[in-house]
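Okay, so here's the structure we're looking at.
For clarity, chains are labelled A, B, C and D in written order, and residue numbers in each chain start from 1.
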Amino acid sequence: MKRWTKGKGWGWVWGAEDEVGNLNEMTDQSRLAALKLVTQGKAYDLGLPYDRNSYKWPGHSPGEIISFRSPAGVMTQKDLEFTTPQGGNTGGTAWHSNAIFMSDNVATQIDGLGHITHGPNNELYNGFKASEWGGDFGLRKADVTTIPPIVARGVMVDVAGLKNVDALPSGYEITREDIEGALRAQNVDVTPGTIVLIRTGTARYWGENGKDHAKLAQHDSSGIGLTAAKWLVEEKGALALGSDTSGLEYVPPKPADSQAVGGSFNPVHVYLLMQQGVHIMEFHNLERLAADRVYEFAYVATTNAIRGTVAGTALRPLALR
Amino acid sequence: MKRWTKGKGWGWVWGAEDEVGNLNEMTDQSRLAALKLVTQGKAYDLGLPYDRNSYKWPGHSPGEIISFRSPAGVMTQKDLEFTTPQGGNTGGTAWHSNAIFMSDNVATQIDGLGHITHGPNNELYNGFKASEWGGDFGLRKADVTTIPPIVARGVMVDVAGLKNVDALPSGYEITREDIEGALRAQNVDVTPGTIVLIRTGTARYWGENGKDHAKLAQHDSSGIGLTAAKWLVEEKGALALGSDTSGLEYVPPKPADSQAVGGSFNPVHVYLLMQQGVHIMEFHNLERLAADRVYEFAYVATTNAIRGTVAGTALRPLALR
Amino acid sequence: MKRWTKGKGWGWVWGAEDEVGNLNEMTDQSRLAALKLVTQGKAYDLGLPYDRNSYKWPGHSPGEIISFRSPAGVMTQKDLEFTTPQGGNTGGTAWHSNAIFMSDNVATQIDGLGHITHGPNNELYNGFKASEWGGDFGLRKADVTTIPPIVARGVMVDVAGLKNVDALPSGYEITREDIEGALRAQNVDVTPGTIVLIRTGTARYWGENGKDHAKLAQHDSSGIGLTAAKWLVEEKGALALGSDTSGLEYVPPKPADSQAVGGSFNPVHVYLLMQQGVHIMEFHNLERLAADRVYEFAYVATTNAIRGTVAGTALRPLALR
Amino acid sequence: MKRWTKGKGWGWVWGAEDEVGNLNEMTDQSRLAALKLVTQGKAYDLGLPYDRNSYKWPGHSPGEIISFRSPAGVMTQKDLEFTTPQGGNTGGTAWHSNAIFMSDNVATQIDGLGHITHGPNNELYNGFKASEWGGDFGLRKADVTTIPPIVARGVMVDVAGLKNVDALPSGYEITREDIEGALRAQNVDVTPGTIVLIRTGTARYWGENGKDHAKLAQHDSSGIGLTAAKWLVEEKGALALGSDTSGLEYVPPKPADSQAVGGSFNPVHVYLLMQQGVHIMEFHNLERLAADRVYEFAYVATTNAIRGTVAGTALRPLALR
């Protein structure tokens, strides 16, 4: 690890212009080592399928996938000469396409470092100010196009499995001890540069499209606290933290956690994204990994390449084994 | 290869309910073999960044990335109690998020098998009828959520390099001979199960966001013809065909190519997607591969998990080497 | 009245190409007569304000009003030269504009004749077929741009007032007798060419933005039945029927009403829009008229001029008195 | 007139909380007087029909009218029980509805007083600051829902007719003398409280949907200058100013006009909306009025009731005669 300090983690250590954070640690060597973990050729899809009915945080924009062009519509509309028989299309070729209206923060996500701001000047990671780098068309610093392709060792920590429950209860704070216990039971460790995915069991209720809002909301509030996050980053060198919930951290935070960053509704986000430059993986489907007891793998993910967006959204990261 | 027949390719050979096409050929063994090609740990991002100004086919819906929530807006709007100081947010945590309005057919894409329909009954791959499987919220058969994670051997065929041009001229038809010539010059072959990405050079004009529509449009019309497509699928067993243009095939098609499928404005699409069940990779950025003379690699890509959409859009596939 | 027949109403009597329906009855003379009813110069705004939280029928697309350009965004984005000091804008002129994403069927509406289809061939008014006149970009026959400006005598029928209730109960069917009773109590009559607005009291719960979905849903299901609709059109010559609910008619319909048009979830819509060519006014705010006991007035309304849309939406019709 | 001062006009004279501006001048008496001008019962529709191809200022969000629900889609999708035969819909009732994605500043508009900000603090009319009254979901002061129904005397000033041209040339500044000349030729005057609509002839090129961008852009830059605007407001007491162009004023402004408000790309907007509290009517179709030589009429218009939007958009104001 180039800039990680045990007991301290990372922080704003990559230069004044950096938008990448600790993913700068990835090297050809680390990627190669991660891919060496693949011995069976299995590919686990960690994505949760999204549609207009999917559970999401209520503050986000709604999702609509709307048939934009359809074979019947193309034929009826006749707005493009080349689609008509007279235009040569005697075989009747047509197409489906859709207009997507959606949030950049839904379903399986990777939070970019610019997602969260904090403090009187609304600063994001590395001190970039929202007033300077925001705008009408999304964020102009640390948007998702600055997130490099992620290829790294991944470890799944099955806390729900350790507790022998389908899913952790509402608002449950996953502690350092929970994580250490699960790692011990799984006989795997978090080494510096590892992406850590923590299983609460919530994704088991996603189903076809995440339409059972009540059930999902109930378990979605479980997650790690600030103590566990700090231990993973500062003592273990975790390259990114993730979970099978919409927000990784338990909510609402206890006063001590909230006050640790000066009063916040999501102190773990502030700590990881803004203060440490550590990305957050959300709503990753860990059910198949748990069923197969796959605890160590090569994690491979890329966000969409959409300028201005602050989170990869509706992704399908891979656990390769 | 399980169902490929030399001289014939695939077709509707995977059963009446199949929505996957020839990607059914992928196995643990084939994925493992593909990943074995990675010897250096380099990850080439094949995605082209998209924004509201990006070049796209004019029939698609426009793209807008609109700042939905912003720190200033959250503070002014005060619509969520927990974001206010009284609600405990004394440290002033806020966030950026965006509303995305876009087509499912822009920038770097993987066309799903349901994208194209053909014939008097508007059939897509495997005979599914648009009138039965379309709908108001996107396609209900062969949408992108049915595309499995793609991990396969990839080969880049640098036709622009062979011709020693920056980019192929407008409407140029890439022939079987061009491809054979480039493969010979590169000393690499297409073996059954290979994903073939053909370079026209068009993507070199994409730049930050594809805003030079005139320049891109000029070269974007070059691509393979039906003869080259058939040879790659039927004789060589290509698992998927792609390029650095918006449509893979040269346009407009010559009458013979159009008539070969009964009259069509994009006969190669009809042949590959509908008749053969072979996916198409579009607008892949092959410039860095060409610069580094990387011709063989592990291709890894997943589409977004958005139900109803017919193409992975604004993707960042990887060439791992 | 040019084509109205007592005991029969209108129907498809305006020629094979007609998209206007019984609004063809309006003449200079009828408009002038309607405006003569204005003796005080009072203008009652019948519109209900719409925003992202407003109650609407769940099958419609969501509403988002998103700040698209803002002074802070314009200044930060610097994408337009003329907005910068160097471009001459030393005084700092900027602007607000919004991106609207909404349904064409929300808040205060006028249903166009193409809104509803019925029967095995999905026919709309005058026998136009959806398969021929639909398309990808809205309806191509009887869209709202074919609705002429409406200037006509209006009568408000205060059924909630007659019953001495705040609002009619859930699912209540307003009968011909209810309407006759209210007209008698109000000492006003429906003459041929009159627009009839029937008050259930539901709009009193709309408030700032219609956010009390539960309360609105409770009363929104009251409305007229087929018998009252037929009497108003066929015996009284009503030019249009409206109410202060989202759908004018009581729901769900009793089997006899449903079967009267061959089985339908909204038989009054089928009868008025498709069979008779009579427009429907929905979610009109009649509270101020009721408070001032204004029962007769000049009704003036125009829809937006948006091609393809099937209902004027979020309108502010006027009752001039 | 309650607050108008000759030689000064209005300004911020309606109290610190006012969002209405000089439309406060309208009274029952003034509305009644305006409606008395209607002697023939003719209704002139001043709206220009809008669709996805319509000309608009390039800084605005794109327009898409997308078929959201259609009879074929409803039948195929089967997502709502009551639409199925089993659910009782044996007659096959279905519907068309659309998703509208559009700017609040297109086609026939009324600019609200919050549309334009100016000065170092981005103030709008009456000193409201954008930083305080903006937000994520549109403007929270002086949005269109605060614009009262407009019923007033209207006068059309046919400058193109006076000059005997089809449309005024590109960038032409309409002067006070032009307006006085046209009024003289028309034998009509602007009295205090009159809405003044100035014809350049540009709308004659709108056609079905404003798709001839080049032709429209050419003439759209003609309009009034600051001198004419001031004369109309301060000397004549005009209640609102409008035109048949997208921006009322000629562009780009001469340095003297720009500097008169401290450096601005649209000084007439700053003067009228922000400094005087006078609304602007844009892209009003004055062609039929010109053809019939109708110069004096009752102007009746309401904006849509959409909270947060800053301009009535795609409207159909009426000239009643």
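One rule holds for everything that comes next: a contact is a pair of C-beta atoms (placed from the backbone, for glycine too) under 8 Å apart; a residue touches a chain by one contact, two chains touch by 3 or more.
Keep in mind it's a predicted model, so treat the numbers as computed, not measured.
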Neighbours of chain D that also touch chain C are A, B
Residue numbers at the chain A-chain B contact, same meaning over half shared and different meaning under half, come out as same
When B-D and B-C are ranked by contacting C-beta pairs, first place goes to B-D
When contact pairs are matched by residue number, over half of those of A-D recur among B-C, C-D or A-C in B-C
Distance between the CA centroids of chain B and chain C (whole Å) is 45
Rounded to the nearest Å, the gap between Cα centres of chain A and chain B is 23
Each of the following residues of chain C touches two or more other chains, namely 61, 64, 66-70, 72-73, 99, 101, 131, 134-137
Chain B residues touching chain A in their complex are 27-33, 35, 38-43, 45, 47-52, 59-61, 64-72, 80, 82-83, 85, 87-105, 107-108, 114-120, 122, 124, 130-131, 134-139, 145, 148-149, 151, 209, 252, 258, 261-266, 269-270, 300, 302-311, 313-318, 320
Touching chain C in the complex, chain B uses residues 64, 66-68, 72-73, 99, 101
In the complex, the residues of chain D that touch chain B are 61-62, 64, 66-70, 72-74, 76-77, 79, 101, 131-137, 140
